[in-house]
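Here come two complexes built around subunit A, the first alongside subunit B, the second alongside subunit C.
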Partner chain A sequence: MSVQAERRPGWHGTRRRFALRMEPYFYASPALIFIVAVMLVPLAIGLSYAFRDITLLNPFSGGFVGVQHFVDLWHDSDFWQALGNTVTWTVASVSLQFFLGLVLALRLYRPFPGRGLVQALVFVPWAVPMFLSGLNFAWLFNPVIGPLPHWLYAVGILSSPENILSDPAIAIWGPIVANVWWGVPFFAITLLAALQSIPPEIYEAAEIDGAGTWRRFADITVPFLAPTIAITVLLRAVWIANAPDLIVAMTGGGPADSTQIVASYIFTQAFKGLDFGYASAVATVLLMLLLVYALIVLMIRQSLLKAS
Partner chain B sequence: MSAATLKRAGYWTMHYAIIALYVAFALFPLYWLFKVSLTPTKLLYSEGVRMWPSRTTWENYGFVLTNSDFPRFFLNSVIVSVSTAVLVTVVASGAGYALSRFRFRGKFWLVGLMLITQMFPLVMLISPIFRIFTPLGLTDSLLGLIIVYTAFNIPFATFLMQSFFDGIPKDLEEAAMIDGAHRFTAFRQIILPLTLPGIAATLGFVFTAAWSELLFALMLISKTDASTFPVGLLTFVSKFSVDFGQMTAAGVLALIPACLFFFLIQRYLVRGLTAGAVKG
Partner chain C sequence: MATIDIDGVRKRFGNVDVLHGVDLTIADGEFVVLVGPSGCGKSTLLRLIAGLEDISRGAIRIDGERVNDLAPRARDIAMVFQSYALYPHMSVERNMDYSLRLRKTPAERAREAVEGAAGKLGIDRLLQRKPRTLSGGQRQRVAMGRAIVRTPKAFLFDEPLSNLDARLREQMRGEIKKMHQDLGATSIYVTHDQIEAMTLADRIVAMNEGLVQQIGPPRELYEHPTNLFVAGFIGSPAMNFIDATYRREGQNAFLVVGEKRLALDERDVADGTPVTLGLRAEDIAIDADPEDPGAIEATVELVEPLGLGTIVHVQALGTHIKALSLAVVEHRVGSRIWIRPHPEKFHVFEEATGRRLERKAQFAAELPA
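Moving on to the complex of A and B:
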């Protein structure tokens, strides 16, 4: 009887069922409201700016200019330079962070006396606010107070102990070094977690079969880690390409725009130039490039899943 | 000594040599920051670059703490970071709980939306947010920063909280609900207390992220009164670029809260990084 009573459609029953159906939305909606109001709506508005003439100090701006910004962009040599720098910056940062992170993870994988302490110490850079690690490296590269120019001169990399941040030909390596220092712990932690998820029995079996250290690394570790590595590296690349903090803090894009990446170029256009229209046009192009990149990543992921 | 023992000894020597290099690489820049901050300005120029100055001083810290705007910046940063951390954790607990416990229409899109926000360049929101916030009085205001940082950190914190909720058996709140408790009561009284470590980790991560944010703070704040620490420090650096002692002393001070939180959340690093694999 009670089952029937519960099933009887009535005002209370409907309301109760409605309340139950609404429950997940009750928990999730504050998050959704924040994301929509502060990220999605501004994103849509920002895309519309790309087709309008919006400069902050000019009260008469705001008109529709069609694709004019994109035409300007095509002829903007600073933009093309920033695009090239973005590739250098991302590829160099990610590959160095990855390589150093992998070596560190392999060293930390097996227990040894003092491992806990070493792990805590080598992960410290990751806790340092990014802008501060940028400023700190700017000081380390400053020949007045920093040792790096003198060391680089001593080993023959620099022909005189000068600040690499003021030499347009090599200035980009300043923020790259800061980025590598800051980001190695991220890769080390991710790869360490992936390493620890490999069942130890496989290594034991391989050792019994007489496989040496290198064989075990090449035939077990690498294939097991490959999917994690591929996805982490590809996603991390997006994050690094998008993060101009270090460049803004260290060089502001200079000297002569030689360290400008697309993300810092957008920031400079908006913050210094107050040209929101043009900044948004550059941002739109960056977004398109990232979408293409994301599609390629998805395709790689699919083929990796198929292969394994 | 046999060849095998020799090989083992060689292996461990190599191992510790590599480890030592890493530790030096990680800590040397911070050591140098601290060293410069303790060096009297005169010695900085007269002694050149050396590993430790012949005399040390706390003057630079004294100046930064009493004669500058840094205490104000510090306070502003604490207000912004603490408020953001608390707000994000409350909102993300709800969303993480929904993702962990319910199947509902739109869940796929919600997760997709949150993942996408981790991929797109936040810098492209700078102009529109500035234009939207100006008439609302949210520029030059700490509240404006709190709103922006909260939104930016919610997706990552949600995934982090979800991973903690996933680790708690469903039976717990179901038992309470059979006993007649509302789900929300069960959530508050049974599940949340069990996730306290997760909540602490989320608070730590978000606090550190808000403490470190530079670009939106630069754009949205122009008054000294409302500046956060990163903006204050960067302005100071571009204005007084020769007062290395004071700049580095301020840098060391900016490091303290972030490092405190880092040691608190260290146990949860792996989970935090795998939950937000896209985010630093």
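Moving on to the complex of A and C:
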């Protein structure tokens, strides 16, 4: 096309140069228009809600309120508790998922009869919709129909077989357990893939060099897995911090907002309280926090890439 | 340094026998090359010595000590891998002193060993670099350096040069030979390249299909291949094989190839036995005198100038034959010439078994001790 444009008589000077310079943008435009229409525009509208009074049940709402929502937020103890819960929820879920996933991956790395089948089964929780696994775990924790409270009581963890989801002090661990069950396969499979990419001769060379099992793990496996570990842990942390499904399905943020994380707090404010303005303000804060976090992730990734 | 005894070693992988009983004794300081086509079991044998695979039956002894049940790290051997297997996240120096650090060698001594080895291999400037920033040849040197810093009982080489280009391979071959002369270390070297085997080995172990075919010095394998396999595998260009029949009339023995009779010394085999005549390319003279009873008429099919000499491919005795001449040959394709195989250099193998048929008169003298 560009070759033809150059040869056509009458196409010279500024017009031709302009056409040539614009050419790549025309090619890219369908994708760009799509991204602007379905991502950037809604994002901008969503952000604008944070500065307006938008309450669905109040027909007179919609006015500009400036930073009022953010001032309210600063004094909202529920928000701060949700922020604290988000940290607990994310750190506990990610570290347990990672640790169990690593153990599972190391176990699945060594050949044993039926390994193919076990590998497939390990992946099953990942295929269960998160929301459904939340409902299932809510039932498992229910002493009327679920066995878990009775088992926990039998081994002495609970003083009586009650539903941990109704105890504000420990209720957050219900969704965490469900999340760990659901998320272990992700770590197991990605770490297994990383393990399998380590050339076996490297282990053989280390064995001949005199390294025992532990030294091979520390000197070969860990350095080889480090980039994968860093990236998966950091990415999963964002994902989990941002995912209210299990909380909403299992506790609805209760009892008494004790299990509310920021993401579920946004959901509650928007779709239960129908206060979209305030929910947008909370979402904006969450977006900022995650952007800062993402920046840190990218910086760590860069330094990891440089190191390896 | 150490001796290595391999005593009736067998290896099975599942239902597949890979080694069918190998016996081999390697002397202290000897350089032994295991050579054979891929799948012949040579690498498996090396891995059994290293301890990377379990021995199914038989025993391996290093310095008289049975090592069947010893872990690789307890055998005190070093190995150079085909892929080099350098630790990518460690510097060259860390790669080389890893084994020393694991053995808690004092830092001062470890540094001396690494610097000594690096100096010998010409990689002293690369010590702080990571393997991925090195060229193939440099990685190869690091892999060798990692082996020699330890002064192990024996060196094992698993096709260490096959990832290098031809020029570099030739150079490293020389360096390995020189290193062995300097260190005098017991070495076992696996390769499928018969030139590496010929140039490096004190003794060659030719293997095929899990069995040792012949053990001996390179010249012996070249000049007295014990069977068709060794004859065909050792030597480049490969030996010419011609189907023939062994005949004896009174005191005269000869081979019949088609219409042609080729005189030779008597062999210890019945009159009329089908045999395979083996002729090395350099033992065939071209431009022979047509009157010579040993001369054979041939048609030139292809001329390959080597610089050093010329390989002439001809059609003769009903088959394709390669002759190597050190002269510059300018025959045109299709032209008729006379070739003359050197009758003293006939290799005769029984067709049914592939075994070498020795000359009757010199039978006893020529058998390897």
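Heads up, the rule we're going with is that the second predicted complex is superposed on the first by the 271 of 308 C-alpha atoms of A that agree within 3 Å, B and C clash if a C-alpha of one lies under 4 Å from a C-alpha of the other, contacts with A are read in each partner's own complex, and residues count from 1 in each chain.
One rule holds for everything that comes next: a residue touches a chain if its C-beta (ideal position, glycine included) is under 8 Å from a C-beta of that chain, and two chains touch if they have at least 3 such contacts.
All figures in this text were calculated on a predicted structure; none of them were measured in a lab.
In the superposition on chain A, A:280 makes contact with subunit B only, not with subunit C.
Counting the residues of subunit A that each partner touches, subunit B and subunit C differ, and the larger count belongs to B. Legend: residue contacts after superposition of the two complexes on their common chain; A:32 is shown touching subunit B, with no touch to subunit C.
Contacts of A:65 after superposition on the shared chain: neither subunit B nor subunit C is touched.
Of the two partner chains placed around the shared chain by superposition, subunit B is the only one that A:242 touches, whereas subunit C remains out of contact. When both complexes are overlaid on chain A, the residue A:220 reaches subunit C alone and has no touch with subunit B. Look at A:147: by the touch rule set out above, it reaches subunit B but stays clear of subunit C.
Looking at the complex, you find that subunit C touches subunit A at residues 50-52, 71-73, 77-79, 81, 83, 85-89, 98-99, 102-103, 146, 150. Within the complex formed with subunit A, the subunit B residues making contact are 15, 18-19, 22-23, 25-27, 29-30, 32-33, 36, 44-45, 49, 90-92, 94-95, 97-99, 101-102, 104, 107, 110, 113-114, 117-132, 147-148, 150-152, 154-155, 158, 183, 208, 211-212, 214-215, 218-219, 230, 233-234, 237, 244, 247-248, 251, 254-255, 258-259, 261-263, 266, 269-270, 273-274, 277-280.
Within the complex, the subunit A residues that touch subunit C are 199, 201-202, 204-212, 215, 219-220, 223-224, 308.
Across the complex, subunit A meets subunit B through its residues 21, 23-28, 30-32, 34-35, 37-43, 45-46, 49, 54, 103-104, 107, 112, 118, 120-133, 135-137, 139-140, 143-147, 150, 181, 183-186, 189-190, 192-193, 231-232, 235-236, 238-239, 241-245, 248-249, 263-264, 266-267, 270-271, 276, 279-280, 283-284, 286-287, 290, 294.
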